[in-house]
Each structure stands twice: as structure tokens, then as C-alpha cells.
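Labels A, B, C and D are assigned to the chains in the order they are written; within every chain, residues are numbered from 1.
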């Protein structure tokens, strides 16, 4: 087993991996940028190495600095977390060349699955369903018309080079095809420098369902069931759960999607932890989308329902141990749900809200887990992802898990910066969410329809008397420029001016 | 189902019950004394009623005040937690008479099991093993000699009226019996006003093993396996776990003790949650000791390994629901361990350390649960039990759970008051604890033998530079009386004197 | 103690009278209520409020001239004024005079879209601020002239900091 | 910065020299070490210390005249003095003069066992303090006479408060 492992990441995922290393009695090495000297992962690791200025391109993404940190401290392996260098085949290769074990799949698997088109071809070879569409870019409207007729409308035009919705157009009838193709292509040209587009079947009200796989380096691969991640904003997941409500309604789906995922992973000669993302329609048809060749943010919900520690297995497998769990040993128990607590303001288009955390109290109690990366007094830097913590719960049924989540969200106290916790309070009280009728546009619709009714008069009175008490302690003063500040702040200002 | 429930307790157990009520969408009513206006349970409940001054005899123990609080707020049931009124048959009876449901067994069962001698007779009727001994007080040395010969040495003399070790004597040979009986009797006379003593077989290196039972009001009773609670100080549990290491070594014991426990509970017509305490010797012989007719402090370890929410079932059963779980549905998965985080100083004979909590950060992450009753800024009152929080973990094996506990303990940050967390850090790193060779004197021996080796020179250097930094921010001044205080404190003092 | 408290634009008159174990309160406005209350600051900015027996937790952060108040899962904007001093209430921001355009969140100034002295229209973009890979365009609140630019491209700004003054 | 630091009775000489990204430190005493260090107060009383690459968390509470310092699972008693000022070091508590008997923990005074002016012996019980149902007998640190009694039965005391002075 490794004696020392470097964690090439920051925030909650670095803390998650360091916690696991501590439980395995493996020394941990953190890396940090100028913005992160006081970060939680630096405090929790056994060692910490500075790797550069705040911008990640100058620190967490600098392959040579990370490898140098590993060499300096004598780390034998590197856990990349997610994001940053985790899906960078060049980094995985550089680790191998430096004689440092990369905790993840082979760099060849990362490279192959990193190309959407290569991954799609591989899935077709593995006899897994993919979204029907043209395998490659289409040259002219005539070719598009033929393909559209074959796939069936509605279809989606997508940029070959792209992502994030740029160069994407929904086309409902053949009549609209040529004009939409012109628009999509020129948008793609501007955004990515290439106007190439392709056609894909449009899945109506799609659900995002993914399969966790785990395999050792001798080719023994198992799947740990699905997670549904249909609650998204800006194409980013905010709530994930296992089992998927779709699987609860159609239990045979788990095995069907799981086996398709395993076929793909085997074809890719995949080892370590990985996730195969699928789109499913409301009738249970599913299509392979892409593979994430790393630990997933939402891995805790799978850990809750299977009882398996994914990070521990990642490390064991990278150290050459055999995966001793067989597929038949896996059972799924109860329901796990996670929500991502972001420093952002849902009332202001989810705009990030970094800054100093004045008060911070995590919920706990039965069935509650928090994977956090912050602490009271910490200033969330403006340079990185706004994820503060992942709150996850388990209960013996989905309705009980939702109630538990509502309870836990109400206990989570973050002061000083704005978070999306209040929005979670609303979602977990929502009937449509409880009914499990999810799709990837759920949250957009929710933001439109949510109704914040009248405030309970007593709650209003509580707000008023508390505000009065607060202001009587710190009475405000009107300043010369017409703005207002509290008296104590004015006093402090005067003291500073002496 | 109840619409509103009053929680007749404080601290972590009140918080635990309020969390459960919130998850069940039942309104919660807290009660509080003068010392607890700012307590966490008051903040978390939907309503809160003042019940008297700080001393519990004038507040939490006043039956009429508690019932009045329930009537005022319209609570339909009362959850007593543990301690305080939880095993007071008179209170349970008063609730029944007031038409308020007491969440627990019948007052008759509380009364019968509340008497150690009656409980022992009941256990004998139920054909459960009890510690061999005289059924009642012994009148003279001759009777004692006969009994001693029958039971076999070593024996234990115990006060009939007593507890807490007062009036207790170990007797190794018949020759010592008469003198020891005189001593024990006069000590009992002084302590309890009655000199009556009885004889019991002395179990060498006894282990404390208890069985959780759960039954509905129609007589359907199941057991949820054992907890081992052998790690004690001053006859109070500090670490509990399930499975017991003894059961891990002898798996047949769980069913044997579990069935003995069920026979006793059935004989007592017991309903709701209860715990039957046994002593076991190192060979697996076990003897019924007493029954706790309430929720146990250490219930989380059973919840971890069985996945069953005991508090939820307590409430469902009290509301008249049937226990839908059968004995065969219960399975035990992995290992759960709990430690009780007390405000006390292990270096000073475990003397309590109440006071203001300046910093408080609970551990979390995979497999970690904290049932806490405090928050940063809270002043732990001098009037009640020093239990701050219960830290519990789960992992798939006992060794992994111990490692996880070590990790979680190292993350738990309490500043401002002294706690026993550091001691837990040592115990969970101890080889004898890991080997599972436990008995109720384990901790006393541990306190004798623990060796705090030399400090790592780098850690020492870290301490020194941090202290230097801290003091350079707040330089100390030598006062006229020869003592030293930091400059900022001196400044504040001068300001107060103006 | 008599105060005027404005919550999300609604004004209330509050009277608080201390008593042995808390206070009596009387609230008049869109909602009128009275009763006993106990207010306890459990940590800086966090208040445990009992109204009769009902228990509420209210979190208060000062945010510029108003209080940002959270209770339950809702945010409210609250201001408090002594009834003897009505000066604060009259100083509502109006269309006339200089208006400060402030950063809503901390971030890095990516682009300044206007120059000093330029005429701008309401809704016109003035500055682009980036935080955590997201960009936010700060817009002019009214038609006017750029009187002051406090930031430069590449610099960082704090929440509430004045970026530009439009008059 | 040059300081004398005493840890659990052992004295060390510490030199700290600020540098661009932290400090250089030199430690002499029972243990001698030198290298680079970075000290960051992550929250009041909690310090993240890097020594070279090694990361330590040190928690510091002031407790009377000494610092109570926690690192790992161990508690240490630390005092810091400027090397230019040796006065503090000479003032070790000695057998002569008045000695203050302080409460180790907050609690309630259950019994005062001595009277003003009484002669007491070292180890004799002076006051019984109770907290959380446990009683603690505060003993006289030396032979002497009770010069002052600051408490009365039924009253409460805070940690570190002087209960009695024996001279």
C-alpha cells in the first residue's frame, strides 16, 4: 500500500480524499495556491506544498509543479479529485513517466473516452444504445435532410467542436432545417472557430441518469447502480439521487442500463472508478452520452445506498489490489439524495457570491452527511468553483429521504455570503419533486413557477423584533453622503483615522 | 398521527427527537429552564415553554409544569428522552391521566422494571439467566456464609437500597466474609439509610452487553441486537459499539442473549423501545442485570448497523401504529461505534468543565454522525449533565470503524472548554481496544498505563511558533501582583474601570 | 422603544416594552399583532425569538444601508428607524442626483465598457465583473453621464463597493 | 523577533525572521531545529502552521498566566517572553508570600471549609465547588493563614477566579 499520496485538488473533494487517506493510515500531501493558504484541505493534510498564484492555470493546473510537489514530498501516488487535471490524459501520462501512480484509469482510457465522438463509436461497438444521429459533421442541407428523415423529428443540431449549448438548435420539422443549420453553424464558427455541426435525435424531457462503475486493473468490473442528476441549472447538476425515481417505477432499468455501462467500460479496458452518463426519456429508453473518467462529485449518494467507500476502493485498486466485491454482492438499500451547496444567489440568476463566511454550522444527526471544504472565518476565493459543501442524506425510502433533506437544509447555517440553501428548502417541499417527475429542465420551470406565499404574520413579527433588537445594539447613523452605517462601524472608522 | 409533541428534555437528546419530529412533519414543543433560554433545542423546536429556574428539580423534573406546558400548547404526546422524567412511572401515569400520550412503555412496566429486585424476579420467571445471588437481603453472617458457599467465591456484597458502588465489597474467601459484611452494611447505612446488603456472584472482568428491543402495543416484540458498553468511567458509559467484539468472536451469542431479552420483555408486557442490560464474562456466559425502560443514549450505534430509526418507531408505536418489521427482517451490517463527548477534563479526574464554547466545529464526511446539543458561542451551564455531543461512525468492519473514529475525533474542534476528545484519540489508537479485549475496568487500567511519548520535534516547533505568533498579537504584561495577562485584556480592564 | 421598521417595502410601527422575562410588543401596519416576546442573540447576527410560545430563528446581516434578514427559507430587506428621527426615511434614492453603481458580489473587473464623461442610457452595460468563471454585466440604473470610474480592468472589487457614479 | 518560550517546563530560544512567503525560524533548547515556516490564524485561536511542507494545526487558549495549547491530541502549557524582558521569568511562584487558590472550573460553591484568619496546612480542604453534580475540593497549596475569602456558600464562581488567598 502507498505510504504517502498527494491530492492534486482543493475544496471539498480534497478534504474528502484526505479524510479517506487518514482512515487508511496513508500520509496526505495537499497542494495550495496563494488564495488557499488558509483553506481547510491545507489544515487537514499531513503536508502541504505551495504550487503558485491564485488563478488555477498558474497553480492547480500546472502539471510540472504538481509532479515536483509529489517528488519533493516523496508521494508515491496522486489523487486528482474531479475537475482540474482529473481528466487530463497528458497529466496521467506524465505521472506514469515520473513513476508516480495516477489514481484513476489508464491515460489511454482517459484519452479515448475524453473524445465524445470516439466514446460514441466505442459505445456502438459495445452494442450500447446511443442517441440516434449522424456519426460525424454534415456538410450540406441535403445531407442533413436525409439524416433528419432517417432519425425522425424533433432533432437537435449540435456543434462538433462545442459544448455549453453554443451552436445548438432544436428543429421540429424538416421545413425549419436549413435555416436552423445556417444559424447553428455560424454561432459555432464564432464560438469555437469551426462551424461544423451534426444532427442528433432530440430526447423530449430527458432525464440525466448515470451508472457508477468500479474495476480493478485485472479487468474485473462491476457497476454500483444509477444516480439520477436531472435537477440542473446552467447544465450543472445541483441535486442527485439514487435510486432514480424512474428506476423505482421501472426496476428492470437498473440492470439494463448497468449492463450497457459495463459493456462500454469493458470495451474501453477501463479500471478504477468511472461514471457513464446516459439520457433517458420518460418511457425508459436510454442512450449513452459520455463517460467521466474520474470520481464524480455526487459519489456520496452511491456510497449511501451501497455502503461502499468509493474513494477507498480507488486507492486500493491503484495500489494494485483486486476488487474483492462481486456484482452479486452489491445490494441497494434505501434512498440517498445529495444537494450541492453553492456560494451563489438564486434570486440573482445564480450569480456567484464569494466572500467571508461569518458563521458556518453544518447539519448532522441521523442519516446526514456533509462533505464540506470550508469553515467559519474562511474567505471563499473568487478564483474557483462556488461549491462550498455537499449535503447528502440517507433514509429507508425516497419520501423519508426528502423529509430528512428538508430537515437538514433547515439546520444548515451559513452567514456572510449568499447560498442556494433556501432554494433547496423550497425544492424539497415541492410536490412535483416528491412525485419524481424529473427532467433536466425541471429547475428552470421551478424557478418560473415557484410561488413564495405570504409570510406567516408571527414570523414577520419575529423578523421585526429581531431587526429592532439588532439595530438598537448597533444604531445606524446617516452619513454626509446620504448613506447609512451602523454606529459601531462609525466608531471603528474614527479610531482608524486617529 | 400526532400533530404536536412536547419533548420533556434538553441537550442533544431533545435535539435528536426534535429532528425526528421535523422529519415526520409533527410540530415540536421544547421546554427550557432559565439556564437554557439560548439552548439549541429551544432554537430548533417550533415552540418553546419556560418551565422554571436552572436547577432541574425546579424545572425539568416538575411534572405539573411539564404537563401544563403540554396543555397550553396543545401537545398530544410527550417524549421524555432519557434521564429526567423518562423512567418515572408517576410521570407516565400522570400523562395518561391528563389524556396526553407518554411516548414509551406503560407506567406499569416502568414501575415493575424500575425495581431491581422485581425485575430480577421477573427475569427468573422468564427463564433468563441472572447473576447467581441471594434473592433478598441477608440478615446475619451465618446466612451469608451459606449463600456464599452455594454461589461460589469470589462474591460481591451489595447494598439493597443502593447504587454507584456505595456499600459494595468484593469477597474472595469465606474467611473475609463477616468483616466485609460489617463494612458494607455500615457504609450502606450511612449512604442510603438502610444497612441491608445481599450477595451476588462476582463476574470477573465483566463486559457490559445490552439488547435493544422494540415492540408495539399489540405485543409484537423484536430485538435489534446487542451493544457493548464496557468502556466506562465512574460506572458511566463513554464508548459503545455494535456488534460487540465478543459477539464477533462468538456469533451465536447475539441470538442467545437477544432471545433471553425478548423473553423478559414479553413477560413484562413491554412496548415501545427498551434496553435490557446484561453482564457477560469473557467466556460468553451472560446474566441479566436490569432494564432501561426508555430510549438509550447510545441508540445511534444500533441505528447505524440495522438502518432502523428508533425514535421514529417510538413515535409511530405510541401513536398506535403496528410494528411492521419482523424479527427475520432485521439484518446487521458493518460496525457502529459511538463516543460521548463530555465537557470534562480526563487529566483532572474527569472533573466537569462547563463554560463558554468559543469555537465548535463538528466532524462529518462519510460514515460520521454527530448528535449534538451545543453550538459555537453557547455557554454550557453548570447545572446539568456534561454531555455535549455524541459522535458515532459506521464502517463495514470494526477495524475500519475504529480508523474512521480516529479520523473524526481528530476533526472535532471545541475551544473554550476542556473535553475528553483527546482521550478518545488515544483510545481509538490503542491496540488492546482494537483487539476487542474489553471489560468494564478497561478505562481505569487505560488511564494508568497510557503512555504519552515524546512529542514529535516538528510538532513542538509548530506549537512554539504558533504561541509566539499568538503572543506577538496580544503581548502579555506583568501586573503589579506578579501575575501576567495579555495586553488587550489589560486594556479592556482599564476601559471597564473608567 | 418606538420604531418604524420597513420589511420588503411595507412599513410597520413597532413598540417594545421591557418586562421581567422578555418584552411586550405591539406591531401596527399591514399586519397588526401584539403579545409577549423574548429575543436572545445566540451568536453574532443570529437571534432566537420567542413570540408567546412560538420559536423562530432570525439571521441578520448588514448589507449597505439595509439589513438582509433570513428567517425560515426566505430573505427579507429590512430597515429600522427611530420614530423621533424621520430624516433617514426621506432620503429615498430618486432619479435626480448622482447614483452609485455598486458591485453585488466580489469579483475581478474584466472590462470597463464606458469612459469618463460618456453619456449612458438606463440599462446600458458599464462594467463586466467576473467571479468563479461567471461574468456579470453591471448596468446603468438611469440615463445620465459617467461622473466617476473607481475601477480599472484586471482589478478586484468587494461586495458593495462603488464601481461607477452616474449623474 | 527573539523570544523565550517555555513548553511544559522546558525552555526554548526562538528566533523568527520574516521573509517573502513566511518566516525562517531557529529553535534552540532541548530540541534544536531550524527551517522555513508559515503561520496562518484560520480562526481566532486556531493556527495553521507549515514547517517546511509539514502541516500542523495548533489551538491556543489563554488560561490565566499561561497559554493552554493543543496540537494533535495533546495539551501543553506554554509561556512566551521577550528576551529583552526577563522580569517575568524571575517571578516563579515560590513558597513565600500570598498564594491565590483559584477555581479550576466554573461551578457553585457548596461549602467553605475554613474561616478568615484560620491556620491551614498544605493539602487541607478549603472550599468545595460543585459543577454538573460533581464536587471538587479545593486544597491549600501550602501551610499558612487564610488571608482572604472571596466566595460564600451558594454563590457561583468562574474558571480561574480567586476563591481564597493563603499567606
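Rule of thumb we're sticking to: a residue touches a chain if its C-beta (ideal position, glycine included) is under 8 Å from a C-beta of that chain, and two chains touch if they have at least 3 such contacts.
In this text, all values refer to a predicted model and were calculated from it rather than measured experimentally.
In terms of the stated touch criterion, the partners common to chain A and chain B are C, D, listed by label. Counted by C-beta pairs in contact, the busier of B-C and B-D is B-D.
Chain centres here are Cα means. That of chain A falls 48 Å from that of chain D.
Computed from the mean C-alpha positions, the centre of chain A lies at a distance of 32 Å from the centre of chain C. For chain A, residues touching at least two other chains, in rising order: 44, 359, 375-376, 410. In chain D, the residues touching two or more other chains are 43-44, 54. The set of touching chain pairs reads A-B, A-C, A-D, B-C, B-D, using the touch definition from the header. Residue ranges on chain B touching chain C, taken from their complex, read 29-30, 37-38, 42-50, 72-73, 375-378. Chain B contributes residues 343, 345, 347-348, 351-355, 358-359, 382-386, 409-410, 413, 415-416, 421-423, 425-426, 452, 455, 457-476, 478, 482-486, 489 to its touches with chain D in the complex.
Within the complex formed with chain B, the chain D residues making contact are 1, 3, 5, 7, 12, 14, 16, 23, 25, 27, 31, 33, 37, 39, 41, 43-47, 49, 51, 54, 56, 58-62, 64-65, 67, 69-76, 78-82, 87-88, 91, 104-108, 130-134, 136, 156, 158-159.
Chain contact summary for the complex, chain D toward chain A: residues 21, 38, 40, 42-44, 48, 50, 53-55, 57. Looking at the complex, you find that chain A touches chain B at residues 15-16, 19-20, 22-25, 44, 300, 303, 307, 309, 311, 333-334, 359, 361-362, 364-372, 375-376, 395-396, 400, 403-404, 406-407, 410-411.
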